[in-house]
Amino acid sequence: MVSPVLLIAVPLGLAFAMPLIALISRRLPRFVPLVACAFNLIVAIRLIPTVLSAPVIQRIGGFSPPFCINLFAGPVGVMFAGLIALAGLVIAIYALSYIRTGPTVRYHMLYMLLLVGATGVVLTGDVFNLFVFFEVLCISSYALVAYFGDRNGLEAAAKYLIQGAVGSALLLMGIGLLYGLFGTLNMADIASRIGSVSDISVFVPLALIVSGLGVEAAIFPLNAWLPDAHSSAPSSISAILSGIAIEVGLYAVVRMIFTVFGATSIFMFLLFLGVLTVLMGELCAFAQTNIKRMLAYSSIGQIGLIVFAFAMASTISLAGGLFQLLTHTLSKALLFLAAGYMIHRSGSMEISSLNGMGRRMPLTSLAFSFGAFSIVGLPPFIGFPSKFLIVRSALEKQQTLFTLLLGFVLLGTLVEGAYFFRVVQAIYFKKSGDEPASRSLAPALPLISMLILAVLIIFVGIYPQPVADALSTAASDLLDRAAYIGSVLR
Amino acid sequence: MMVELLLIVAFGGSLLTYVLGKLSSRLRNGFALLNALALVIMIGMLYGQEFERSLPFGFLGIQFSIRMNMLSWFFAATILGIGLLAVLYSFRYMKGKERLDYYYFTLLFINASMLGTVVAGDLLSFFIFWEMMSWSTYLLISLRGGGKAIFAGIKYIIMSLVGSLAMLVAIVSLYTAFGTVDIGELAVHMQSASLGLALLVVILFSITFVIINALWPFHTWLPDAHAEAVSPFSAILSAVLVRKGLYGLFLLMYVILGFSFLDRLAVGAISFSNVLAWIGAITIVFAAFRALLQNDSKRILAWSTVGQGGYMVLGVSVATSMGMAGGTFHILNHCIYIALLFFVAGAIEHRTGGIRDLDSLGGLIKKMPVAFVGGLVGIFGLIGLPLTNGFVSKWLIYKSLILEGRPFLAFAAFLGTWGTILYGYKFIHNIFLGQLPDELRDVKRVPFTMAVPIMVLVVLVFLFGVLPGIPLSVVNQVGTYMGFEPLDLNVWGIPSESGTLNVVNLLAAIAVAGFLVWLLFKTLGRSTRVDQSDNYAAGAAIPRGRYGFTREFYAPLYRIVSPYVKDFPDALFLWIADRTKALGGMTRKIYSGYVGSYVMYIVLFLAALVFVQLTWSPW
Amino acid sequence: MRIVWLFLSPLIALVAGVLLLGLSRKIMARIHWRYGPPLLQPVIDIIRLFSQRSASHGILFDLGIVVSLAGSLIITLFLPFGNIAPLSGSGGMLVILYMMLIGPLGIALSGGESGNPNASIGISRNLMLAIGYEVPLLMVLLAVMTRYGTISIVEIVRVQQASTWSIASWPLVVSGLAYLLVMPAMLGFRPFEVVQAPQEISSGPMVEYGGSYLALVSIQHALSLYITISLFVNLMLGGSGNIVIFLFKMLVVFVLFLFVNAVFPRFRIEQAVRYLWRWPTLIGLIGLVLVALVGR
Amino acid sequence: MDRNQLIKWLEAPAKMGHKYSLHAVYFCTGCGIIEVPPSITARWDAERFGVLPTASPRQANLFLITGYVSVKTLKAIIRTYEQMPEPKYTVGFGSCPINGGMYWDSYNTIKHLDKYIPIDGWIAGCMPRPEAIFVAVTHLWTLIDKDMADGYKRYRKYYSQYRANQEKVLLGLEWPPLFPIEAG
């Protein structure tokens, strides 16, 4: 029986040990994230069967909840941890050869910290810990966005920093209010007592926390930092940001609303917000000529879709949302990684500069088109089952409103298809300009990482059954407040 | 087990073709041909079998199943037959072009997924195959590269995406309503369905199928796509792929819903089949006059494809067994002669160095006799002259329309035919007749592997025209499967009470009269063959180079009709796309790049939450 | 007996057509205050043409003519002629409509093969004129077929014999009017004589025809005169029980339109199509709507 | 028609056909054409003789060269004559085709048209009246009866000389010879 603490402790320790490792050899630190992520992945996979039966509550400091800080490793948390580890591993492999210039040691260290923060957020059972891990995540990502130190990067990082700081401040206020109200920071404890106070006094922290976390979760009006940050960060970081960071923020929002506040009535609001986010993101992406900005905006659209799914708050819709989350992590990471090397090759981020890439970098282009098709939700890629589940859940509501909103979401999907297919055409069928179509593959390691993602996309797309089953238990776990409270406060 | 094997061979074959292409091109071509041939043989062995079987695996708890019956067999046979010919034709046509492995792979893959759509026994797998068909088609349309091909591709994929999203919603709502997507079970459940659900499902499905079948006003993707794709693939597109829409309509109208239900959907005169019929009529006339205005060999054929789709829909929507037989038979006939015509256009393109503009061709009958025969027979079939297959199916459609008392629909159909004569003759004249321009003096004749498919199709056009009983017996079985009473047939035609069709009399009469006149002509007339330069030009020697009347062949008619046959739907869709882009440009302004406003958004969001709470206090 | 008629009726049609041709020349001459050629002048011309050696432009140049003449000959088997209609059992009106295409198409193909721009211009005019008059004509035919609820022309004739001529019966009179208006265009008479306008495009499709070609074309022309008129007589004037009356009706109709031919100048093709798509189409549409309303 | 007519018809239909259906090329070479319209319209009505203007030489068998022939026109005349199907008859109308007439000393007028194409009959006079055309036609009938209207045969036979003359005056023709030219 491995302990979930390892998921956090080991990478954290490795992260801080990084400078020492660097003293041994300059080339060694590059491999540390690999080791850590591989370790996490194994642990998470080992954990999954046990947590599917019953969540593992890890008390720290010997006291029993609510008087101690506890980790709650439920199915959702562990799956998230596993996903983070997986994405982290793949992207670390990519980064081995992608990150050559600049302060590489610091890069890998911050990268580790980012992953640690993300893992912590999804595993913690304590509101203040949540905040702490969140800060770890955010701060490391600020630094990573500015990694290249060029003007765009610094500007984007500064914007990101400011908005993130505002968000964190709001979050902190909300948490403070909660502590003031209940005198405890344990999620389960708060959840159990939430009914005992007046609605309005619950509302204020709820509003503060939702908007605070919403900044990181990139819900519509709060996501202005995202396009700049994602487009000017190194591609590996863009991948991890839109593949992991946003999802973690979203997880936090959902955990808060579902479990801590149990505020079912906010869902309608979130529903509209989600649809709005979808349309906004897709429309902006449709108008982009810069590939990375386009991908960033499309992430906004995807987040909107996931919010839409979560806000419908049924088992299937939650499963669909989680599935879509998985889809987005894998596909968007793949897209960013592929785009990274294509940009590296053509030296420009303009879509027009990708013309004829299909001849020059066949495998990378293939990976990109897989990612695109999967995001648009075409069978037999992973995007299809998740979209299918979401549509199904929306229609099972049997209400005109939901059907209507679904229509809008699908409209967004249509726009998404339009711009993704445009790019795929540019890659394959437009004649490249002056440059001779000399065929040169990306280096082996990035190709391996892309290959892993592509294989996962296809495989899960063809045989989604086990994933769907696991996710539905996760969804029910996310829905079931009483079980959560009971399992923690035994 | 046969059908599973069929699918495995189809999909595996396409992949294997790609792999072999990396080794050697000869191997690839040989294997592709072999694969297509094997598929044809297998489908031949499946003739007449009827079964439905659920597969061992499923998708998200939905059991996949496959079904084989006359309807599926009919469509599968057309798909595989044309596929075989197209592969054979491609060898020379695609020779020397780049990305051949990709081409053959995608071609076979599209065929395989089309096959999947027709043998799918449940709507989910139908949908999955359908989607695979859509995106692979999109990947092949723009193969040529160049702005127009790119535009055609994006136009196609967006419209088909609209269709497939509509279909997804329809299928899922069926699933949520009845908990199954198996076609057989749905047919049972549908009878007890609520009208609202049925209406939703019917409308959504019809959008999908009308788009893919390119009926007005959703025809706009077709002309670009067919004109810009490489010719063998254009043949596949307009011969079989477009007709998947009709397969879907059959499935929807006669397998899932059934007559009784369709009648329940009717509101007075506005019934589903009536609306469909009128859409078909508009399509026929509109497409005929659009085709008149075209000046590109493949674009003319593309528009004719649109129009012929209207005929089939007319036949299908007049729910008599005769109309049904006409529509179904017309699918087969159209798939034969349109493929033939696209092959011919491709051969011309191949030999003249990619000339598709009808103004710069002419006189090629002397250089490419095979292509000329193909083109002439194809056009005759398209017009539907007696002794060609098109005649029989059109005869059935007209007759059922007249006897059903639908004179206006019949009028649209006739008018479309006369339009067909005009552009068909223009096609023949501007390419093959008239004086041979100097720059085409050394055009070579059609290569063998391209001539074989053309000749096969020519023979089929006449065979099915002279012995319509053979294909009509198959068509009859399709009709009976869908619950129509069969027509009484003999091998020469239809001996029915109100006006019979008897092709053998026609054949005999034409043969005898032709022979007699030929005899008269040969015995009495004496003629010497002269060169094309020995031609009446008011006493002058004719100018060298280009001497002929091809430009603006129907100019006065253009002047009359062109104001009325503008392609309004196309303009509308382009406008919508344009507006969407502009809207995106405007929404982008929200992200102004000024961090102060960003922070303001956050505060505003908070404020909005508070406002909502204080006003309605939902929490 | 049927076999005999199979070979006899085309011959009768041929003779009748050629006589009509000669008659037209005579009557036109008389309208011009000329003496005019002998009645058999077309026969003399045909003999002369057959005895001339002519220039051929290729196989299609020959085949087109043969096919068009053969097609025109066959239609006479489908049209009831008096009470004789040897092949009318196989296909009915629809077959006749389609067979009527074969004549013009054959000429069009062979003329196109001749490689003379005048021929091409003539053919394009011919096809445009065809779609011009087919629009009202189809409305008329559909009105008749819907009215009598059959596509068999023999049936149509029988019903008229039983009751009254269609042109004299209530809703069909409107369609009959439209039919009268398009008849000159179908016969290629003035003001619609745009196809072979000798002064503009030197007799259009026939510009390269000499000798036996021209002979066959003029025979085909005679036949098409016969076919057009006898279709009108069968559909509108109730056909006839015996041959003589039938021929008499045809003669009357022919002379009527000959007078129109004699006194009118020539339209431009554009004017012709505009005219045909304005009045005859309007009237034909009204007729069709009336029939659709009144029903059988 | 009387009896021997009938007999003639029966024994030589082709010849009679040529006699009684003379279709003329409606081709304006010179001022003489002014006499043709009255001859074919109501005043004299050539059609009762079976004489009819045609639009294209392919359909004709009678060639009326009406009026003087310039070098430029000669080319068109030769071309038209060669395109007429055999048997074909040529009639020079007016004195100019015969010997240049009033343009006898013009540098640019063809005298002696029959050096370039065979002529079956002449109509002298400047201008001849329309009746003269009918005189010519009836004369042509007798010639046809006696097989003396054999211009086209002569053209075949002496084609090389004709061609030589044509090329001499026209400085080369841009179309190939109609018949094979034997050397010498």
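To keep things simple, chains are lettered A, B, C and D as they appear, and every chain counts its residues starting from 1.
Throughout what follows, a contact is a pair of C-beta atoms (placed from the backbone, for glycine too) under 8 Å apart; a residue touches a chain by one contact, two chains touch by 3 or more.
In this text, all values refer to a predicted model and were calculated from it rather than measured experimentally.
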{"item": "Set of chains adjacent to chain A and to chain B", "value": "none"}
{"item": "Innermost chain, taking as reference the mean of every protein Cα atom displayed", "value": "B"}
{"item": "Most remote chain, CA-based centroid, reference being chain D", "value": "A"}
{"item": "Of C-D and B-D, pair with higher C-beta contact tally", "value": "C-D"}
{"item": "Whole-Å separation of chain centres (CA-atom averages), chain B against chain D", "value": "60"}
{"item": "Inter-chain centre distance, chain A versus chain C - centres from mean C-alpha coordinates, in Å", "value": "79"}
{"item": "Distance from the mean Cα position of chain D to that of chain A, given in whole angstrom", "value": "98"}
{"item": "Mean-CA-position distance for chain D and chain C (Å)", "value": "36"}
{"item": "Residues of chain D engaged with two or more neighbouring chains", "value": "56, 58, 83"}
{"item": "Numbers and ranges of chain A residues touching at least 2 other chains", "value": "none"}
{"item": "Contacts with 2+ other chains: residues of chain C", "value": "50-51, 53-55, 202, 207-208, 211"}
{"item": "Interchain contacts (touch definition) - all pairs", "value": "A-B, B-C, B-D, C-D"}
{"item": "Complex interface listing, chain C residues touching chain B", "value": "10, 50-51, 53-58, 60, 62, 65-67, 69-71, 73-74, 77, 87, 89-92, 94-95, 97-99, 101-102, 105, 108-109, 112-118, 120-121, 123-124, 127-128, 130-131, 134-135, 138-139, 142-143, 145-146, 149-152, 155, 202, 207-208, 211-213, 215-216, 268-270, 273-274, 277, 288, 291-292, 295"}
{"item": "Contact footprint of chain A on chain B as seen in their complex", "value": "58-61, 127-128, 131-132, 134-135, 138-139, 142-146, 149-150, 153-154, 157-158, 161-162, 165, 168-169, 172-173, 175-176, 577, 580-581, 583-585, 587-588, 590-591, 593, 595, 597-599, 601-602, 604-606, 609-610, 612-613, 617-619"}
{"item": "Footprint of chain B on chain A - complex, ascending", "value": "158-159, 162-163, 166-167, 170, 199-200, 202-203, 206-208, 210-211, 214-215, 221-222, 224-225, 227-228, 263, 265-266, 268-269, 280, 283-288, 373, 376, 378-380, 384-385, 387-389, 391-392, 395-396, 398, 406, 410, 413-415, 417-418, 421-422, 425, 428-431, 464-465, 468"}
{"item": "For the chain B and chain C complex, residues of the former touching the latter", "value": "363, 365-366, 376, 383-386, 391, 395, 398-399, 402-403, 405, 407-408, 410-411, 414-415, 418-419, 421-422, 425, 428-429, 433-435, 493, 498-503, 505-506, 509-510, 513-514, 516-518, 520-521, 524-530, 532, 534-536, 538, 547-550, 553-554, 556-557, 559-560"}
{"item": "Of chain C, residues touching chain D in the complex", "value": "25, 29, 32-38, 41, 44-45, 47-55, 198-199, 202-203, 206-211, 214"}
